[in-house]
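One chain, subunit A, links the two complexes that follow: it is found with subunit B in the first and with subunit C in the second.
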Partner chain A sequence: MEIFGIPSQALFGQLLIGLINGSFYALLSLGLAVIFGLLNIINFTHGAQYMLGAFVAYLGLTKFGINYWLALLLTPLLVGATGVLIERTMLKQLYKLDHLYGLLLTFGLALIIQGLFRNEFGSSGMPYPVPEVFQGGFNLGFMFLPKYRAWVIVASLVVCLATWYVIERTKLGAYLRAATENPALVQAFGINVPRMITLTYGFGVALAALAGVMAAPIYQVNPTMGADLIIVVFAVVVIGGMGSIMGAIVTGFGLGLIEGLTKVFYPEASATVIFVIMAIVLLLKPAGLFGTQK
Partner chain B sequence: MKRKLLSIAAAAACALGGAAQAQVTDGVVKIGVMNDMSGLYADISGPGALVAARMAVEDFQKTSKAGLKMEVVGADHQNKPDIGSNIARTWFDVDKVDVIVDVPTSSVALAVNQIVREKNKVFLNSGAATSDLTGKACSPNTVHWTYDTWMLANGTGTAIAKTGGNTWFFLTADYAFGHALERDTEAAVVKAGGRTVGKVRTPFPSQDFSSFLLQAQASKAKIIALANAGGDTINSIKQASEFGITKGGQNLAGMLMFINDVHALGLNTAQGLIFTESFYWDLNDQTRAWSRRFAAAHGGKMPSMVQAGVYSSVLHYLKAVEASKTDTGTKVVEQMKALPTDDPLFGKGSIRADGRKIHPVYLVEVKKPSESKGPWDYHKVRATIPANEAFRPLDAGECPLVKK
Partner chain C sequence: MTTPAIASASTASNKSLWVAFAIMVAVFAIAPIWVYPVFLMKVMCFALFACAFNLLLGFGGLLSFGHAMFLGLAGYTSAHAAKVWGWNPELAVVFGTLSAAVLAYVAGSLAIRRQGIYFAMITLALAQMVFFFSLQAPFTGGEDGIQAVPRGQLFGFIDLASNTNMYIFVLAIFLAGFLFIWRVVHSPFGQILKAIREHQDRATSLGYDTDRFKLLAFVISGALAGTAGAVKALVFQLASLTDVHWSMSGEVVLMTLVGGMGTLFGPVAGAAVIVSMQNYLAELGAWVTIVQGVIFVICVLAFRRGIVGEIANWLKKPL
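Presenting the complex of A and B:
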């Protein structure tokens, strides 16, 4: 059977690959959406924090023998803690100002972090081995699916849905959402709003670091790995609707699929297709697919 | 703008008054090293090329009697032709640069090539691959030093096609370099009795190559040729091993690889890869001695062939300036072509009428982890291709400078 001249089996393979890339988009755009939705900060350091995640895992493995599983747990905590530090010392000062100031600060931080790492590690990057249990893959008939990639899809889906659930369906999430609407009132109810905001930023950063650890065995651990990805991820967030959690997840996976298909039918356009979609969505629905007009 | 001018005053230790001095405009030979200082090609050229250019100036000063004043400056073209063109114009018009060196990324190199010719300066290209620099786009102001797509295609393509790799699938970086490398490789493969069964043009630069690799896998080609470079090549090789492509009996051919790529991949993943290069640090006593000096000045990293080419081309350029007593573009390049080349890295060689520098090149194989004595001990030389066979024949390049 053929679909548009492409054997259907090959097409399934490509769709699956698209889904895998989509899971990275989803994880990263989720963090961005959480931070923007609840803090109103456009976090341009996100790509650098994703890269930090990969590097912490790499350094942990080579310097201290920390294995992948432990890295998956420790790295988000560590990088999240640096996020908390950034929020406490710098971002905190900017909440009352225009979005632009936060954007400039985080963009500058990203350049500094990337520059430091490039200076230390060069631009070709370092290899991170695929963990022992995920060596090899499954033969699905229509394609060879590396075990590790299968794990990435599952793990990312679980993390995304859990985050959505916590923010949209639990009491803690309700506090958070209330605190963004009216911080003074929530504070009056005896909830420590500044601490909650700090921890939320730390959580968003930890999500980026988690994505970084998961990406390390697939891509080269490289100082510019985040810079290459962040622009696409921002497009995903804009298409999904700035600040919409579900929007970020659904568009992340969806755009991964569309990009995957483009790679089959017209590979030359695969780097631009997401931006074309972004332009169309912004024209028709300026708040994004899942966003609400304020 | 992120462009950084790393002005490095290297030289000027000597008194005025050499014979050549009087003829050199504004009294200083200013060498501009332009390349990718921060992106995916920064390890193969980048700041290391600046180190190499400085070493050439130092070494020239030890032997020169002309008392030239020299200065080395650097800039980051970010792999974008518009940025590269801007830097070139500023360098010539404002900063009085006499010669632009290195310039990886073929699209930028072709743009700079035009400007250098227009301003009658000198262009010593080491980093770019496109063989068009000495073909259709050849210029009396340009010398292409280290390697080119024809040489890579001829070295790697022919060697693999002759040993049974007769069906090819191309993963091609979608810009001037990838297209030139694909075209030249395809020609070499067909000549050696092979054929192309498919190709895919990948956006440059890319992170994820798995979609393209699956297409290559489905094509059942025996050889998957990677007509890309730097980070693109590294990620393609890494992901090909992840998707079990090499285990499935298909082989990869890295059409343009550098020792830095092998270092970044690790021998476990890179072992057995075959590719062509014109310089390896561990060839003989001279290359070893120079490379150790380079590594000491560059954070322990051994030089790539591009960085070695920057050193040798700058050294030869300075000799030509001394001999011709001028820094006028076409005159210096004429002198460079007239003087036989001789340096510790590429040995004896010459520069042809079309601007192509010729020297022997090496078909190398990446060692197994068990064969390597440690970091940077990566390559075994499988064959040496003599200078007169390694590059495209002079009359086949369609260069207008070559008289038929």
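Presenting the complex of A and C:
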């Protein structure tokens, strides 16, 4: 069977890869958007923290025999805790300064973390086995869907939507949104805004680590796995605009799909298509698809 | 500047700048006696690159996280002109500069549509696009880069294969670029740029078309970064992917931060420090990255004025 002269197996295969990539774009840009909303900082360490997530899962499995499910729970907590530490000791000092300093600090931290892991583990990738439950796949007739990939897409969607629900529909989220608008006023109402900021950063980092654990069985665990990815995620964030949580989710998945399609129809452009889309969006709607220009 | 007090202060401050400039020229003129000239040429290329970057960040308040695209692209175009078309080195450098200026015009037009943190992310993303372009385009040589670029005959009769001649050529271009940036910073254009950095809305309300000023600053900065890249390609006879990579964009930010952003001489000092560090730590591999990261963190947390900024603050004179 062929669609537009492309074998359907190849087309759906690439679309699936696109959806998988999109899951990670969505998770990572969601974390960036949550952090940016409250801290006004672009977390350049996000890619390194995603890599940390994958490594903690890998080391947990090989050194302590911690299985995938436990890693899925423990890793975000552990890496999120390091995020809390970073916020308390360093980022906290920068809130009064130009926001660019936050970008520079987190860039430096990313260099340190990635450098340390490259020193220790070299730059070759290490395999992480697919958990037993997810071995094999479904034959959908028109394509073969590995179980683990289906799980990643579903899990990522669930996490994204849950985050959206908490922020947009619960009381906690209302506090968070209020503090984004006017932290001084929210503090005057007796809410501990500094602690909220710390926990928000920790949560954003935990999301990155969670994405890292989920990515470990798909991509190889590698010290530089987050470095190039984070630049693409920045472009995704510019395209979506950071004003809306749902915007980050939709743009993440959407761009993953578009990238997958490009691999089928014009593979040479697949590495740059997201950047080209960014340029076009900037020309037509500078604030981003879901953003509002201040 | 009508009151005499300010006028005299301004001449006094100019004096400190001229003294610093004389010291800098003397250092670069004498240093080759003790220090390997190719290393010094590398320092000067990066110094010009960092000065160009600082024009944008230090005086325009615009953090570009993609300046490697100008350095790298100009390296490729000038290397191509010198090697494949057999152009004279001065023409190759001009061609590299112009190609960087064109790229800066395109990238700048897109990036200035957003401000602050978005500006940094957009320039980074555009630079990544240029990186992938350089990886795939037929004329860049992919992973190998353009190798064995001839230094050629300057103006057709000065042989640049000699390191002495090459050194004088690089020094002349570096000083010319430096003086040009100095002039730009102190021109009415530079003053307006600073006004936009301090308060963009106010500058707009005074009737300045801030986007045009920012774009012009971006083009000047990109073009000079291109000059640095073109000269660097001739010095090392190589144009490669390293110069287009995002880590290079990070390095120029680091040089400016270490030296002192918003100072004239800071980027030169910063470039000297970082290039020396890379030279001496080269055998330590990934440790160079870690040390750079640590310096970033220290500079941001505790040393925001940078080396020259601290000295200027101590002397109470602009540098």
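Convention: the second predicted complex is superposed on the first by the 284 of 294 C-alpha atoms of A that agree within 3 Å, B and C clash if a C-alpha of one lies under 4 Å from a C-alpha of the other, contacts with A are read in each partner's own complex, and residues count from 1 in each chain.
Just so we're on the same page, a residue touches a chain if its C-beta (ideal position, glycine included) is under 8 Å from a C-beta of that chain, and two chains touch if they have at least 3 such contacts.
Fair warning: this is a prediction, and the values are worked out from it, not measured in the lab.
Subunit B and subunit C, once both complexes are superposed via subunit A, clash. Look at A:Leu100: by the touch rule set out above, it reaches subunit C but stays clear of subunit B.
By the touch criterion stated above, A:Ile35 is placed in contact with neither subunit B nor subunit C.
Of the two partner chains, subunit C is the only one touched by A:Leu282; subunit B is not. By the document's definition of touching, both partners, subunit B and subunit C, reach A:Ala271. By the document's definition of touching, neither partner reaches A:Val152: not subunit B, not subunit C. In the superposed pair of complexes, A:Arg118 makes contact with subunit B and with subunit C alike. After overlaying the two complexes on the shared chain, residue contacts for A:Ala235 are found with subunit C alone; subunit B is out of touch.
Of the two partner chains placed by superposition, A:Leu210 touches none, neither subunit B nor subunit C. Comparing the two interfaces of subunit A, the one with subunit B and the one with subunit C have residues 115, 118, 228, 268, 271-272 in common. Residue ranges on subunit A touching subunit B, taken from their complex, read 7, 10, 13-14, 17-18, 20-21, 115, 118, 122-127, 129-130, 136-137, 143-144, 146, 148-149, 218-220, 222, 224-225, 228-229, 260, 263-264, 267-268, 270-272.
Listed in rising order, the residues of subunit A touching subunit C in the complex are 36, 40-42, 90, 93-94, 97, 99-101, 103-105, 107-116, 118-119, 227-228, 231-232, 234-235, 237-238, 268, 271-272, 275-276, 278-279, 282-283, 286-287. The touching residues of subunit C, when paired with subunit A in their complex, are 63, 65, 110-111, 113-114, 116-118, 120-122, 124-126, 128-129, 132-133, 135-136, 246, 250, 253, 257, 285-290, 292-297, 299-301, 304. Within the complex, the subunit B residues that touch subunit A are 38-44, 46, 174, 200-203, 205-208, 210-212, 214-215, 217-218, 230-231, 234-235, 238-239, 242-244, 248, 260-261, 263-266, 268-269, 301.
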